[in-house]
Amino acid sequence: MPLNEYATTLVVLDLVGIFVFAVTGALVAVRKTLDLFAALVLAVVTGLGGGFIRDVLIDATPPAALTDWRYLLVPVAAGLLTFAFHPTIGRLERVVTLFDAFGLAIFCVTGALKAVDYGLGPLPAALLGMVTGIGGGVLRDVLAGRVPVVFEGALYATPALAGAAVAVALDRTDLPLVVVAASGFSVCLGWRLLAAVRGWRAPMPKGPANV
Amino acid sequence: MPLNEYATTLVVLDLVGIFVFAVTGALVAVRKTLDLFAALVLAVVTGLGGGFIRDVLIDATPPAALTDWRYLLVPVAAGLLTFAFHPTIGRLERVVTLFDAFGLAIFCVTGALKAVDYGLGPLPAALLGMVTGIGGGVLRDVLAGRVPVVFEGALYATPALAGAAVAVALDRTDLPLVVVAASGFSVCLGWRLLAAVRGWRAPMPKGPANV
Amino acid sequence: MPLNEYATTLVVLDLVGIFVFAVTGALVAVRKTLDLFAALVLAVVTGLGGGFIRDVLIDATPPAALTDWRYLLVPVAAGLLTFAFHPTIGRLERVVTLFDAFGLAIFCVTGALKAVDYGLGPLPAALLGMVTGIGGGVLRDVLAGRVPVVFEGALYATPALAGAAVAVALDRTDLPLVVVAASGFSVCLGWRLLAAVRGWRAPMPKGPANV
């Protein structure tokens, strides 16, 4: 694939990821019967929050989303559409889960590679890739007043960390960037979808909880 | 108005805004029967939090509030006064709402113009103006363990966004800065007070919420 | 003490502080019957969160913890150990309180002196020292969906502020750094342990709370 097409593909994928994450944010607002404004704020925070946390930590400020209007337009549009058509979108829960996994797989890879670009070592870069993937959802849940779902047993962060780690590891080889990104993306997406379909859970603590 | 008086006026207005926001933060602590320290922390976070979020995102760190002791003294004083005299201040709820609207109108304008100064485009700058206005209250509510009131149907963020947008738009004309700031300020303040007096609400989602 | 030994001692103390803070984070996850991943995230956030907030505010990004792998390894190990052996650790509550006070005393001093190094004035530097000490615990409690315990009457932040203020004040004299650090450390540790042993509480608001 020529470089231009490759860059365009990445931006398109990024915007798709932001869109589906923003839909999940607006759905939380609707289900808590919050108002239109809450839906838009939660859409923007969920879509862009993970990238914001990463950019602030690696000193890549102002974040890309504040210098390119498309990155703001997409989550706002997602919020408006969700607010208007939420019963239909709610019925498409499986589609949302699929697209959400897609967004997670994109963000963990692009987040990790951006951290590498800014000079971070492999371990922190993989961690920041995971943070980019899960950060928006964590902010969404904290603002909506509930314990982040990523903490409650569903396998979500582990695939993101795995995908980010694969991308960081392959990035140190001579493989072309597109192979590096596609490998990390596939590991995260495959693991996350298998976990969702088969109901895999992370290990829970053993023994009495109230010690 | 000569430039010096103008700058002094802006700083005084800024400190007034921080003071009244800090009062609302300390009142939340008192009403949850938290202790003196919680009242001071919530006062400082509510008064300065919105500006901190903006400064971190546009890379204007360390924030002004950390290099000018007056910006720390004012919210601490507001917290102490509120803790000591909270029944009286609680009775002045209407005065608090008025001053709070005043602070919101100042912060959305100064926040947006600062973002423009740091090279951001019109849309992100307006958004950051809104964030400066509402950010402190959102942090206050998250720390106090409740869903941010700005999400619960009262018209609050929309006036802030409108005021910020007006300031950003007029700033691109040849109008003097004082007119730019006063216009954004008036739009936000007028809208917010009308919404408070008439009980205007943002649109709520239609149809069944639990889809 | 020669300079090399002194620097090594500081790093060791820092890692001890991160370790014990991370244990408290993982214990919160276990007690809420969250999963292994939640325990690890809360361990990392509690151990490193206060330093992250400080570094972002003073523009010392990327934070040290993202450029030195030991700072990531320690809280992850603490989280794994806590998850595996939580009944035993839970029984050692007094040891945890002791080590937690130890970590608080280290972080308030190192946080304040780092802020001074980055050019901040005495008042903001002392405040950032306190933020470094209490920030991780506040993030832990917000993510776990409870009001930060530091707000609920236990004397915790005041000793941290006192220790940070002592360190900042003595740092302006000719005293050697080791005396400066040890003095702030002792003030914070002594005050915190006395408060814990004697059950000292911060002042609560007087009069009716629901005004």
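Lettered A, B and C in written order, each chain numbered from 1.
Just so it is clear, a contact is a pair of C-beta atoms (placed from the backbone, for glycine too) under 8 Å apart; a residue touches a chain by one contact, two chains touch by 3 or more.
Each chain and its UniProt protein: A, B, C = Trimeric intracellular cation channel family protein.
Computed from a prediction, not measured in an experiment: that's the story for all the values here.
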### Task
Mind checking the rotation angle between the two copies, chain A and chain C? C-alpha superposition, nearest 5 degrees is fine.
120
### Task
Would you kindly state whether over half or under half of the residue numbers at the chain A/chain B interface are used by both copies, giving same or different?
different
### Query
Can you give the whole-Å distance between the Cα centres of chain A and chain B?
30
### Overlap residues in chain A, where contacts from two or more other chains coincide
56, 59, 142, 145
### Message
Please output the residues of chain B touching chain A within their complex, sorted ascending.
### Response
56-59, 118, 120-121, 123-124, 127-128, 138, 142, 145-148, 150-153, 157-158, 201-205, 207-211
#### Entry: Touch list for chain A against partner chain B, complex
29-39, 41-42, 52, 56, 59, 61-63, 65-67, 69, 72, 83, 86-87, 90-91, 142-145
